[in-house]
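Before anything else, here is the set of structures, which you'll find just below.
Okay, so chain A shows up in both of these, paired with chain B first and chain C after.
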Partner chain A sequence: MLTLILILLPLAAGIITLLSGAQLAKKIALVSGLAILATAVYAWLQFDPAAGTQFSYQYNWLSNGSILFSGGMDGISLVLVLLTTFLTPLIILSAFKHDYKNSPTFYALILFMESALVGVFTATDAFLFYLFFEAALIPVYFLAAVWGGEHRLKVTLKFFIYTIFGSLFMLVALVYLYFQTPGAHSSQISALYALELSAQAQGLIFWAFFIAFAIKMPLFPFHTWQPDTYTESPTPATMLLSGIMLKMGVYGLIRLLLPIVPDGLAQWGMVAMILSVIGIIYGSIIAIQQSDMKRLIAYSSFAHVGLMAAGVFSVSTNGLQGALIQMLAHGINVVGLFFIIDIIYQRTKTRYLDQLGGISQVSPQLSILFMILLLGSVALPLTNGFVGEFLLLSSVFHYDNWLGAVAGLTIILGSVYMLRLFQKSMFGPISKWVEGFQDLTLSEKAVLLPLVVMVFWIGIYPNTFLKITEPAVHQLLTLVK
Partner chain B sequence: MYPIILLSVLGIVTLFLGFSKSKNVLLPSTLVFLIIALVGNFVEWNQGPLLYFYDMFRVDNLSLAFNGIVLASAFMIVAISGGFQNDADSEPAEYYALMLLSLVGAIMMIGFQHMIMLFIGVEILSVAMYVLTGSNKRNLRSNEAALKYLLMGAFATGFMLFGMTLIYGATGSFNLSQIQAYVTITNAATPSYLLYAGLLLLLIGMLFKVSAAPFHFWTPDVYEGAPTIFTAFMSTIVKTAGFAALYRLLDSTFAGAYDFWWLALAVIAVLTLLVGNIGAAGQNSFKRMMAYSGISHAGYLLIAVTAISQPSQGAIVFYSIAYSLATICAFAVLLLVSHEKANNEQLGEDYDAFNGLAKRNPLLAFVMTVSMLSLAGIPLTAGFWGKFMVFSSAADRGIIWITVIAVLMSTVGIYYYFRVIMASYLKEGDLAEIRVAPMFKAVMVFATVLTILFGLAPGLFEGLI
Partner chain C sequence: MSASLFFLIPLLPLLGFLINGLGFPHIPKSLAGILGTLAAVGSFLLSLMAFNTFVSEGSQPMILPLFDWITVGNLNIPFAFQVDQLSLLMLLIITGVGSLIHIYSMGYMHDDAGFGKFFAYLNLFLFFMLLLVLGSNYVIMFIGWEGVGLCSYLLIGFWNKNNSYNDAARKAFIMNRVGDLGFLLGIFTIITTFGSVEYLEVFSQAAGFQVGDPIMVTITLLLFVGAMGKSAQIPLYTWLPDAMAGPTPVSALIHAATMVTAGIYMVIRSNVLYTLAPGTLEIVGIIGAATAVFAASIGLLQNDIKKVLAYSTVSQLGYMFMGLGAMAYSASMFHVITHAFFKALLFLGAGSVIHAMSNEQDLRAMGGLRKKLPITFLTFLIATIAISGIPPFAGFFSKDEILAHVFEHNKILWVLGVLGSLMTSFYMFRLLFLTFFGEFRGSQAQADHLHESPASMTVPLIILAVLSAVGGFIGVPEALHGSHQLAAFMDPLFDTSRQVNPAAFLPTALSHSEEYLLMAVSVAAAVIAAVMAYVMYISKNNVPASDRVEKSGIQKLIYNKYYIDELYDTVFVTPTKTLSNLLYNFGEFLIDLVVNGAVKLIRFGSGLLKKTQTGSVGDYVFAMVLGIVALLFWKLLL
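Up next, the complex of A and B:
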């Protein structure tokens, strides 16, 4: 029941926000975002990691009970729900400085998005999963298309068509699987786990799922929509896309692809692994070349998600646990980094590294927080990135030494592009664009400080979260094997 | 059976109402007549299969559901016709009478049990459509469209009639149950090529009516030339009735010859999807785009007809509902917008007409968006479940390749449907506000709410059937 509340609450809050006036809208959105976070935290406190799927709801939906409107949370879901509900109020708060036209619609769309995202992470029915998976696209499409930059029309249409294209293959696969289930058919994800499929069918379904999720994350070579979309979207939409929506793809891999088609994975896992590793290196190298800060982070995000996918495809406890903790870490870091870039952009009206410099001299607070988030992203020990990256690399290494070695380059390349970003923007002589730069305001600190706290929390004591997911991961791995 | 009698009588009454001085009475009375027909239709709900007129006409829940869709669509379309008050040359009484009488044809097509009934139904519906297409007498395009439609339609009817005679020659009967008996027993033992030839010709005639490729060439010109309100009528009612008739023909009567016809129909379905979607992507006129989109939706429906599996029936009914709701909304918005943009020569029916719609009238923009999302088959709208059920019916039959093609084509669909959404939200246009009559508003809000409701809880619909 709690799960359903977590889906409906943002929806209701979104509708109220939509109907309220421009001044009130952001406050309502923020307060309801916090209330939803409180609900999620309450669920966390009530949660028993060993007890499997909890807080379930279930209603008849279609075909007299063979397709159910049902959901619930196990450890994997809970962690991602916590991430979603934690980031959403911060994203709302980060938009306060901007003067978006039609602001009630803007904030309402963010809340609708939250509702759909929680829905994706908690659905236990395959078609419900699909429904939320697609529904999450609609609000973010409008956020990007209405409030985005100059080339938004082309870029967002490409994004929408590209991602829908991928997920439609998943729909075909799900419909096929549904009709394979015995008796009156069932589309419960657990019923799909129990199917015995031929090797050929598994291979095809593997690709149908892989394309859907690979486009969403995105993995090489399906990433071409991503840098443009991230750059052209307004920053809150970019945060939603990179901080949370990207995780839908990784979650899909864990929840559907691994347990439903283990033989397909055995046939094609190596290809998927190689594509993921190519993505890591390719993304990092392009990131080094970027001068637009937003694009740089976009490519770094692309590189990071490649490593998460590689961990998932290794099908090991370390890989899955690492991917899950890295999803949290990456969500937190990337939202923080995009926000800092947005702050810099608002004050200097530029995002180009060549035009920036010397910000640390005028704004020490900003540069300290920037440094912490950045080091988290580089995976320095004691920050959140380290735990995930360590687990992930060890899992890839176990899978194949050579691939592990290549993927390990991410540590070096990551620090190259991140430190270059920091050095070019923060150090050096004060450029003319930076003159008159104000330090952080209160509301900006209110966004960044919780993120920084989480960087250290996950970095120093990751067990808080690893412990939640561990039983669920073990259960999943026994299913796969 | 009641709606046939009611509509025939009330259609003639409408003609006589045209003699009265006040033209204001026509619109409300037509709406009332349609409600009477709707009520009359559902009187026989759950009364089981009944046969009328010497076993020529059959009433069962499926045909009543199709009748309901057709009548409700007609009701909504009449409600947004606005009484044809804007046009001095118009003849509202005749238009309404023709619409009511054409519905008799549609209902005959839906419930036929005898080939002659099918033929008469098709003709009643088509002839009324030829006239309504050309009802804008002084417009060249309208006249051209009517002539084109008439010539092509007459040709298709010829095929159909020829097909019926061959089937009669093979089976010795026009009655569906006797034909079915022949197909399942005699034909299964020794296949009759006379019967197959007849079936193919009959199918060609029917496929022409639902504008399936390669019999679709009339559609864009006729849809564009006809006055928008009749385009809406054609694209919803003719299509629903046509598919009901196709389904009735193939589901039981010719199910025994499935191996013979399924591949032909599957190829036509794929061709229709390709032509419809790729054709629509290249259009600049919204109305032509809707014509091609109509073709592409015929393709999706044909998949369900090709599969003839357990989910097919529900798929066709649900798809028709979703498609009709969305199409009526789209044409309602087009009516309002193009009227504003019209100048002397040309109606403003291009995509440009929607520029800046969100600022001019947010309600219209929202209605349009939901309708386009539904036509594109995006989740949370009825259109998604329509597609889902169609894919299910194919998957149940084990024809996965056809759904893969359909999926690829629906991605193309997103491109042209989103052009409308982008125009209305993201482009700048005139700022003149659009005034929307209460009747329009009611229809649009009702259809949009239903679209979303069916999108969230498609189970509601299953309760109805």
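Up next, the complex of A and C:
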């Protein structure tokens, strides 16, 4: 039941926000975001990692009960729900200082998005998963298309077509799988796990799933919608996209692709792995010369997600645990980094590195928090990024030494573009754009400090989260093998 | 001594960092300096206690667990410390020299606006450096390894208004990361091979391997790549001379006495693995020797007082690796210790000079300072004699022990070692003479300002000078009627190595007279070089030419550091940037084109399909899909 509450709460809160006045809307949104977080934390406290899927709900939906409206949480779902509910109120708060027109709609869309995201991460029925997967697209599409930058329409259209195109592949695959189930058919994900499919069918379904999820994350070469969309979207939407929504893709790989088509993976896993590793290097190299800070982080995010996918395709405990912990870390870091860029942009009206410089002298607090998030992003030990990157790289290295070594270049390239970003914005002489720069306000600190706490928590004591997911990952790997 | 007291050793500097870091700039300077220094000194006193306890309780290694850090599947990485001979020695160096440098910094950084921040960073560095040497497994070592890299980055770029300093800091971090990748891959191979990263577990399993096993060679080579970065060996050394952009106490602590010796520590810690991989050791020895000579040769012509010392550090680290290559593990550790004394002293002395000269670092503007800075001069002189390897000062014993082992192992490397000695003595005496002798060559304003440094700076100089003078007596060889206490103390560290490769640990085959001869050769080399420097810079009163004077041939090559920086720029930096632009401007466009093309092709194909095959399966599926979508939404909205 708790799961359903976590889906319905943001939906209801969204509707209330939508109907309220401009002044009240953001406050309602924030308070309900926090209440939802509290509910999720309550679920976490009640959660027993060893007990499989919990807090389940189930209703008849379609085709006389062969398609169910059902969901629940195992460890993998729980950590992603925690991530979603943790980031959403921060994203809401980060938008406060903006004067968005039509703000009730704006904040309501964020809450609708949260509802759909929780739905994706907890659905135990394949069609319900698909429904939420698509539903999550709609609010963020509107956020980007209505409140975005100059080229928003062209860019969001590309984004929309890309993702819809990918989803259709998944839908076809799901329909096919549904009709393969015995008897009166079932679209329960667990029923799909039990299917005995021919190698050829598995190969095809592998690619259908792969394309759907690869576009969402995105993976090379399906990524060209991403830098433009991240750059043009209003920052809260960029945070939703990069902090949470891309995890739907990684989650899809873990929840559907791996256990349903293990033979497909055996045939094509190497190709998927190579594409992922190419993405890591390709994204990192492009990030090195970017001048627009937002675009730079967009490419770095693209590189990071490549490593997560590579870990998943390694089909190992290290790879999956690494991907899961890295999803948390990446969500936290990327939301923080985009927010810092937004703060700088608000104050200076520029995002271009060539025009910035010397911010650390006028805004030491900002520069310290920026540095911490950046260290998380370049995976310095004792920050959150290290645990994930260590596990992921070790899994890729174990899968293939050379691929592991190539993927490992990310630790060098990551420091190249991140330190350049930091130096050009924070250090050096104070640029004329930076004059009069104010240090952080209270509400800005309220967004950044929880993120920074999580950077250290996951970095210093990752077992909190690794222990939640361990049994679920173990179970999943048994299915695959 | 209880375990919880022991945990205070790294914890005190961490606390110091947190207080000074969070309190900056509200904590007054006087308090910030004292807090930072107390953290270091407290940590030193506790280290002394730990050392005494260890020795009095029979020198048994201990594991002190804190908590399980990363647990995944069968791999558990505990956050735990290992207390043994090696970690205790490192502990004493780090906190001891560290304390002196903290005290010194109170004077040196006194007028700096970032005073409190500086102490916070220094404390943070101590914390990570202590983790590095205390960790009971490779991943904790890696925490420290990367953590000290971060502090090095922050402190090189401490004066971050200056972008050339920032570039130096960034270069240091990135080049270290190149090494770190090797280190990381080494750890992964260790995990694959042993299923653990804990030293005790790894080494006891390793004892079952054959000498020369390829997997041991792989692991040790990868780890050594990490050492090349951190300890500035060819080809990853070019960051260290640039790192001199940082405040001078930083150069003394991080870039001379402690952090850069992490690579040597790592090899000694992993001595079992290295002993099993003689192939790797050959490479270690060759790279060490090459670096020792190469860097020393650059040092011959440098005119910046800190740059000379920086190349000297690179070169001395080369000696340590040369020793490791000959499996003279404890001799290398001996040199780590003596080097920490005299090189820290040299840097602090240089700092005192720079302080007195109103931030002038060019030797050509100095001269005759011995009258104005008597304490600095005297201590600098002692350090110079010590590093040059002239008995009975500290450097003589440690360097000689390394060279004796290298001689037994490989005569060519020994010749290179002696050649390096000769150059070391020359560039050091050249530096000494140009700075402290002759006439003052600076401006009038500088001359008026000349003064000896305050006590907070000279007292550390004096203490280090005493250590540089007598520090060698902890390792007097048997040939000189000593008992080599250091080697005896460290001996149990090599038990497993001895067991897996007994041949490598046979007592020396050199007779006493041969040993005397070797000593005589290297001392003679040092003295000859010192005399040459005397003739050139005192008798003939030469001063290095101004940069405006065109240099010729080999001089130009050496003065420009063999153009290695330019080479790296051309081979790595520029192509990466070009590639980045290329991928962004053309690659992305191309991918868009291809993906869009593919989509169009599919649409085109499906269109054809529909036209040619009425009532095809495709149509059915498509209609079904649409139907289901409609149904889904319809049901949901009800």
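Following the convention adopted for this analysis, the second predicted complex is superposed on the first by the 481 of 481 C-alpha atoms of A that agree within 3 Å, B and C clash if a C-alpha of one lies under 4 Å from a C-alpha of the other, contacts with A are read in each partner's own complex, and residues count from 1 in each chain.
Following the convention adopted for this analysis, a residue touches a chain if its C-beta (ideal position, glycine included) is under 8 Å from a C-beta of that chain, and two chains touch if they have at least 3 such contacts.
Computed from a prediction, not measured in an experiment: that's the story for all the values here.
Of the two partner chains, chain C is the only one touched by A:Asn463; chain B is not.
In the superposed model, A:Leu419 makes contact with chain C only, not with chain B.
By the touch criterion defined above, A:Gly21 reaches neither chain B nor chain C.
Once the two complexes are laid over each other on the shared chain, residue contacts for A:Phe222 go to chain C alone; chain B is not touched.
The partner that reaches more residues of chain A, of the two candidates chain B and chain C, is C. In the superposition on chain A, no contact is made by A:Gly436 with either chain B or chain C.
Contacts of A:Pro381 after superposition on the shared chain: chain C is touched, whereas chain B is not.
By the touch criterion defined above, A:Phe169 reaches chain B but does not reach chain C.
After overlaying the two complexes on the shared chain, residue contacts for A:Gly183 are found with neither chain B nor chain C. Shared contact residues on chain A (touching chain B in one structure, chain C in the other): 61-62, 127, 131, 165, 168, 171-172, 175. Chain A meets chain C in the complex at residues 61-62, 127, 131, 165, 168, 171-172, 175, 221-224, 227, 282, 285-290, 317-318, 321-322, 358, 360-361, 375, 380-382, 387, 390-391, 393-394, 397-398, 404-405, 408-409, 411-412, 415-416, 419-420, 423, 426-429, 460-463, 466-467, 470. In the complex of the two chains, the chain A residues touching chain B come out as 60-64, 127, 130-131, 134-135, 138, 142, 145-146, 152-153, 157, 160-161, 164-165, 168-169, 171-172, 175-176, 178-179. Residues 67-73, 75, 139, 142-143, 146-147, 150, 153, 157, 160-163, 166-167, 170, 173-174, 177-178, 180-181, 184-185, 187-189, 191-192, 576-577, 579-581, 583-584, 587-588, 591-592, 594-595, 599, 621, 624-625, 628-629, 631-632, 635-636 of chain C are the ones that touch chain A when the two sit in their complex.
Note for the complex: chain B touches chain A at residues 373, 378-380, 384-385, 388, 391-392, 395-396, 400, 403-404, 407-408, 410-411, 414-415, 418, 422, 425-426, 457-459, 462.
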